[in-house]
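Structures incoming, each one as C-alpha cells.
One chain, subunit A, appears in both complexes that follow, with subunit B as partner in the first and subunit C in the second.
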Partner chain A sequence: MKTSRGAAILAIITAALLILPLVVHDTFVLRVLTEGIMWIGLAIAFDVIAGYTGYLNFGHGAFFGIGAYTIGILMMQAHLPFWVALPLGGLAAALTALIAGIPTLRLKGAYFAIATWALSRAIQQLALNVEFTGGPDGMRLEAFLNPLFFYYLMLITVGVIFLILWYLLERAPFGLKLKAIREDEEGAKALGLNPTMLKMQSFILSAIPTGILGGIYAYWITFIDPSSTLGDLVSDQAVVMVVFGGMGTLFGPALGAILIFAFKTIFWAYLSDFQLLYLIILGALIAISVIFIPNGLWGTLVKRKAVARPQQKPEPASEPAALSAVAVPEEGN
Partner chain B sequence: MMELLPQALTDGILLGGIYITIAIAFSLTYGVMHVIDFAVGEWIMFGAFTGYYLNKWTGLDPFIFLPVIFVIYFAVGYLVQPVIHRVLSGTKGNPFLMGLVFTFGLAIMFRGLALTAFGFYSNSIPSAFSEGSFNLDSIGLTVTIPTVRLMGLAYAVAITLILHYLLKKTNFGLGVRALAQHKDAAGLMGVNAKRTGSYVYGIYVGISAMTGVLLGCILSIGAQMGNEYTIFAFFVVVLAGMGYLAGVPWAALLLGLVQSIFMIYFNPSHTLLAVFVILYIILLISPRGLFGKGV
Partner chain C sequence: MTEPILKVNSVTKCFGGLTAVDDVSFSVEKGEIVGLIGPNGAGKTTLFNVISGYYAPTKGSVVFQGNDISGKPPYHLAGVGIGRTFQVVKPFAGLSVLENVTIASFLKHPKKADAERHAWQVLETTGLADRAHLSAAGLTLAGRKRLEISKALALDPSFLLLDEVVAGLNPTEADRTVELIMKLKAQGLTILIVEHIMRVIMNISDRLVVLNFGKKIAEGTPAEVSSDPHVVQAYFGEEAA
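And then the complex of A and B:
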C-alpha cells in the first residue's frame, strides 16, 4: 500500500469516526464502537512486545486490570480526580512490567511467555484475596454517565497511542532495533544493541497504553471485578486478535481487533447462552491461524510480498534452518 | 501448630512425588521440541475426567484404568504432535513463536471444551484406596498417611524408573537425548526427529493424563484445574533448570511441600502467589535453576 493512499484512507476513517456520534444517537452503537476502539488499542499495544520484539506476553490482561484497579482505588479511596488517576494507572502498569521484566526478559522467549501468564494468574488471585480491591465482589466507581465523552476519550487515546507507536516502530530506529532482536538476538548483540534494555523498553511501551485503557474502561463501565478485568479472557482475546490479524504490524492487530470484536458482539447478542463456545472458537481460531495463515490476515492478504523471509532458528542450540537451507528463499523484506 | 508439621511434610513429599512424573515428561517434550506445551494442565484435566467417567460407568477402581488411559492419551498425543511439528518447521513467520501460540490456543480450546462438557463443578474420583490410611503413632509420630497418596508415590517411582530406563538404556532414549542436545546433528546421525518427537509427545500426554487420574483421587478434579497444573509444571521445570532432568525430583518435592504447607498453615488460595514469588526469586537469582545446570 502506498503511503499517501494509506494515509488518505486512515484520514477518512478517522474523520468518519469523529463525526459519527453527531449522526448516530443510538447509545448501544456508541457503546459497541467505544469498546471496539479500545480493543484496537489493546491489540496494537500487545503487538509491540509480541509482534515487533518477538516476546509473547500471555498475561497482557494483567496490565489492563492493573490500570483499571489503580484508577478505581485512587478515585474511590484516595478521592483523586480522574485526570490525575489516569496517568498513574499507566505508571502502575509500567512498574509491573519493569518488575516482571527484570528476571524474565534476560531469558528465552518461552520463559517469558509462561512467566507473564503465571503473573497474570497470580495477580488475579491477589485481587481476589486482598481487602482494598473488594475481593471477588469487585469495586464500584463513581458513575459518570456520558457515552459521548467516553467515545471521544477512547478514540483520541487510541489515536494518540497509534500515532506514537507508528512513529516509534515504523519511522524511528527503535522499531528496527526491536525487529533485529526478534530476527536474531545474538546478531543484534553483535551489532552493539543492548537486547535486554530494548526488550524492557518495548515491554514498558506495551504496558503503559494498556494500563491507561484499563483505567478509561474502569471509569466508563463503573464496575470492575477480578474476572472481568483480570481474567484470562482479556489476554486470550488480545492474542487471538494479533495472531489472526497479523503479528509485527500495526494494521494487522487493528484489523484482527475489529473482526474479532465484531464477531464477539454478534456472538454475545445472539448466542449469549453459549459463552463457553466462544472460548472454544477463540482457541480454535488461534490454532487455525497458526497453521494456515502464520503471518495473519494482514500479512497474508496485504503485505504478501514483504513478509517472505528466511526461516527462523528457534533456539541458538538447534538450527532447523540448516536442514532446509535449499528451500530458504532469498533475503527479502 | 507445630504438631502439624510432620503431617505437612509427609503430605508434601507424597504429593511432590506425583508432580515428578508430569515434570519429567514435560521437560522431555521441551527437550525434544524446544517448545513449552501450554496445554500440559489441560492434558492432566482430560485424563482426570476420563478416569472419572470410566469409574462411573464401570464401577471399577480408577487405578485399574491407568494403562488404558495411558494408551488412549498416548494415541492422542501421537496424533497431535505432527501438527505441532508442522508449525515448528514452517517457513512463514517465526516458527518458534508460532509453536508457543499454537499450544496456547490448544489450551484455550481444551478449557472451553471441558467447561462445556463437564461444567464448573469440582468432583473427586472415588477409589478403593481413598478409605484406608496408615498411622505412624506407634513410632511416636502423629502422622497419617492415606493409602491413596502412598499408591501415588509408588506410581511416581515406577514411572520415573521406567522413564529412566527408556532414556538411558535404549536406542530410543539415546535418540531422544541426542535430539535434546543438538537437533541437526542428531538428524545427521539418523535420528528421525519427527517420529521420535511423536513418541515423546505421546508418552508425555499419556503420563500427564494418568497423573491426572491420581490427582483426581487425591485432590479434586474440575474443568478449570488445568491452569494451576500448567503453572506447577512450569515451576518445577524452571526450578530444576530447563532441560536438567536430575533436578526435577527435588523441585517437584519442593512444590509439593509448598502446596501442603500452604494448605495446612495458610490460605490454600494463596498457593499460586507463593509459587509465583518463589519462581520470581529463582529466575532473578539463578535463572538456570536451583542447581544452575539448566540451559
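And then the complex of A and C:
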C-alpha cells in the first residue's frame, strides 16, 4: 500500500511538472524551477557517495564544473554539437572520479572530506590559470535562448537520473552493498564484498550525472567561470541539502534540495543585501540538522511512521515461516 | 584419510619485531570441529586473520581445498567457501538484522528477492527471525553474536571460522549457541573455533590445537590435550605442571 501511494504521489508531481510550463509563462518562474530541478539532481547524485556509501565528498562541485567546462570547451573550441558534447561531460566527470578516487577513497571520515575539498580547490585554481578555460574571465557559450527547452531537458534528465539511482540503490542489491561499506568496511570484506571496487563504482555513479547536469547548466546559462561552476557553493549546498533532507534515502535529499533551494531563492529575492548571511545560515543549518535530526527530515519522518505502524514480516515463500510461528512468542519490539 | 580441507603450513606472522604467530602447522579434516585454544595473546585471533585473508602470512602458507590461499583478500575467500565471525562483533549497525544477513546472501544469491528469502531461512536456523526487522544496533550482545554467525552462514560456506561466539553469553544463551554449532556440524560443515570457555570447547571439539606465545604447544583430542604437561603449564604456571 505504502509504495503504491508513494508512486501515485510521484506520478502526480511528475504530471504537474510536465504541464506546468503550459500554464506558467513567466520566464523568471520557469528559470527558478529549472534550477530547482537541477539541484534535486545534484543532491541525489551527491547522496550516492555521501549518504549510501558514507563518504562525505566536499568536492562534488568539481564534477559539476568539469562537466560544465567540458561541454563549453567541446562546443566552442572543437565545435561539437551539444548532444555529442553532453555525454562526454559525464565521461569527463567519471574520469575525474576515477583518478581522484584512487588516492582519496583510501581515506575515511573527515580526511576524505578535506582531501576532496582540497582537490576541488586545486581544480578551480587550474581553471583560473590555464588558457583554454578562459581563466578568470570565464567562457561564453553559443547562446541558445529557449527556456522551455531547458526546463524540459532538465526535468527529463533529472527524472531519468532519479529512476536509475532509485533502481540501483533501492531495488537492486547495489544499494545495500554500499550501505554495508558505510557501516563497516572490514566486516563487509568477510561477506564477499570488495570495498575498493564498490567505493569506486559509487564515486563514479555519483560523478556522471553531476557532470551531465554541469553540462546542461553551461549551455543553459551560456556563461561559465571558475567561481560559478567550480566554487565552494555547489559542494556546500549539496552537503546541506542532503544532510538536512536525510542521507542515504534518495527522497530525503530531493526534499532537502527543494526546501533549501526555495529558501535560497526567497532569501536572494528579498534579502539580497545580506548575501553573507546566507552562507552563515547554511552552515548553521548543517550543525542544527546533525544535532537535532541526525536522520534528516526524511529519515525522521519515515522512522516516526515505522514506530506508529508495527513492522509485519512478509511471509517468506517457503516453509520456515511455520517454524517461526511456533518457536517465537509474540514480541512487542 | 582424504585430503584435509584446510592445511596451515608453518605460518608465521610478524608485526614489526613482534612474532604473533610462530611457525604454526596443523590441518583440519572435512566435517570436524577443531578448537583453537591458548591463553590471552597466544595469537589465536591473528592466526584467524591469516586464515581468513585479513593478514598475509609473513612466512608459510594456508592451503584450502588444495589451493594456496595465503595472502588472498577476504572477499575472495568468502567466495571460495570460508565464512568467519569476528570476536569484536561487526554488525552493520544502521541496518536491520534482515538487511545484515541479506547482504551476506548476495554472494550466492545475486537477485535481491532470492537473497532475502535465503536470509529468512538463515535467521530461522539461528533463531533471529523474530528480530529480523530490528536495527542491528538494538540487539543484545547475545543477539549480535548470533547475527555474526547468521551472516557467516548466509555465505553458504563449507568452512566456518568462529571467533569467541560463546564468550560473554549467559549459560542458557551459551547452550543455545553450542546446540546451533552441533547442528551445523551435523549438516556437514567444517568448523575451526576459538573459544575461552573450556566447558564449551572441550565438549564440542573433535580435536584441539593449543597455542602459547604464538607457538603451537600441543595438538590432539580434548582428553589428550588436557593432560599434556605443556598445556597445563601454559594455563596454570610452572608449579602446577
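Quick note on the criterion: the second predicted complex is superposed on the first by the 298 of 333 C-alpha atoms of A that agree within 3 Å, B and C clash if a C-alpha of one lies under 4 Å from a C-alpha of the other, contacts with A are read in each partner's own complex, and residues count from 1 in each chain.
Assume a contact is a pair of C-beta atoms (placed from the backbone, for glycine too) under 8 Å apart; a residue touches a chain by one contact, two chains touch by 3 or more.
This is a predicted model, so every value here is computed, not measured.
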{"item": "Touched partner set for A:Ala207, first subunit B, second subunit C, both or neither", "value": "neither"}
{"item": "First, second, both or neither for A:Leu119, with subunit B first and subunit C second", "value": "first"}
{"item": "First, second, both or neither for A:Leu277, with subunit B first and subunit C second", "value": "first"}
{"item": "First, second, both or neither for A:Gly187, with subunit B first and subunit C second", "value": "second"}
{"item": "Subunit B versus subunit C as contact partner of A:Lys177, first or second or both or neither", "value": "second"}
{"item": "Contact residues of subunit A, present in both the subunit B and the subunit C interface", "value": "182, 311, 313, 317-318, 320, 323-324, 327-328"}
{"item": "Complex interface listing, subunit B residues touching subunit A", "value": "30, 34-36, 38, 83, 86-102, 104-113, 115-116, 181-184, 187, 227, 230-231, 234-235, 238, 242, 267, 269-270, 272-273, 275-276, 279-280, 283-284, 287, 295"}
{"item": "Footprint of subunit C on subunit A - complex, ascending", "value": "171-173, 176-177, 179-180, 182-184, 186-194, 311, 313, 316-318, 320-321, 323-324, 327-328, 331, 333"}
{"item": "Contact footprint of subunit B on subunit A as seen in their complex", "value": "50, 54, 56, 58, 102-104, 106-107, 109-111, 113-115, 117-119, 121-122, 125-126, 128-129, 182, 232, 236, 239-240, 243, 247, 276-287, 289-291, 294-295, 299, 307, 311-315, 317-320, 322-324, 327-329"}
{"item": "Subunit A partner contacts - residues on subunit C that touch it in the complex", "value": "52-54, 73-75, 78-79, 83-84, 86, 90-95, 99, 102-104, 106-107, 110-112, 115-117, 120-121, 124, 127, 129-134, 138, 151-152, 154-155"}
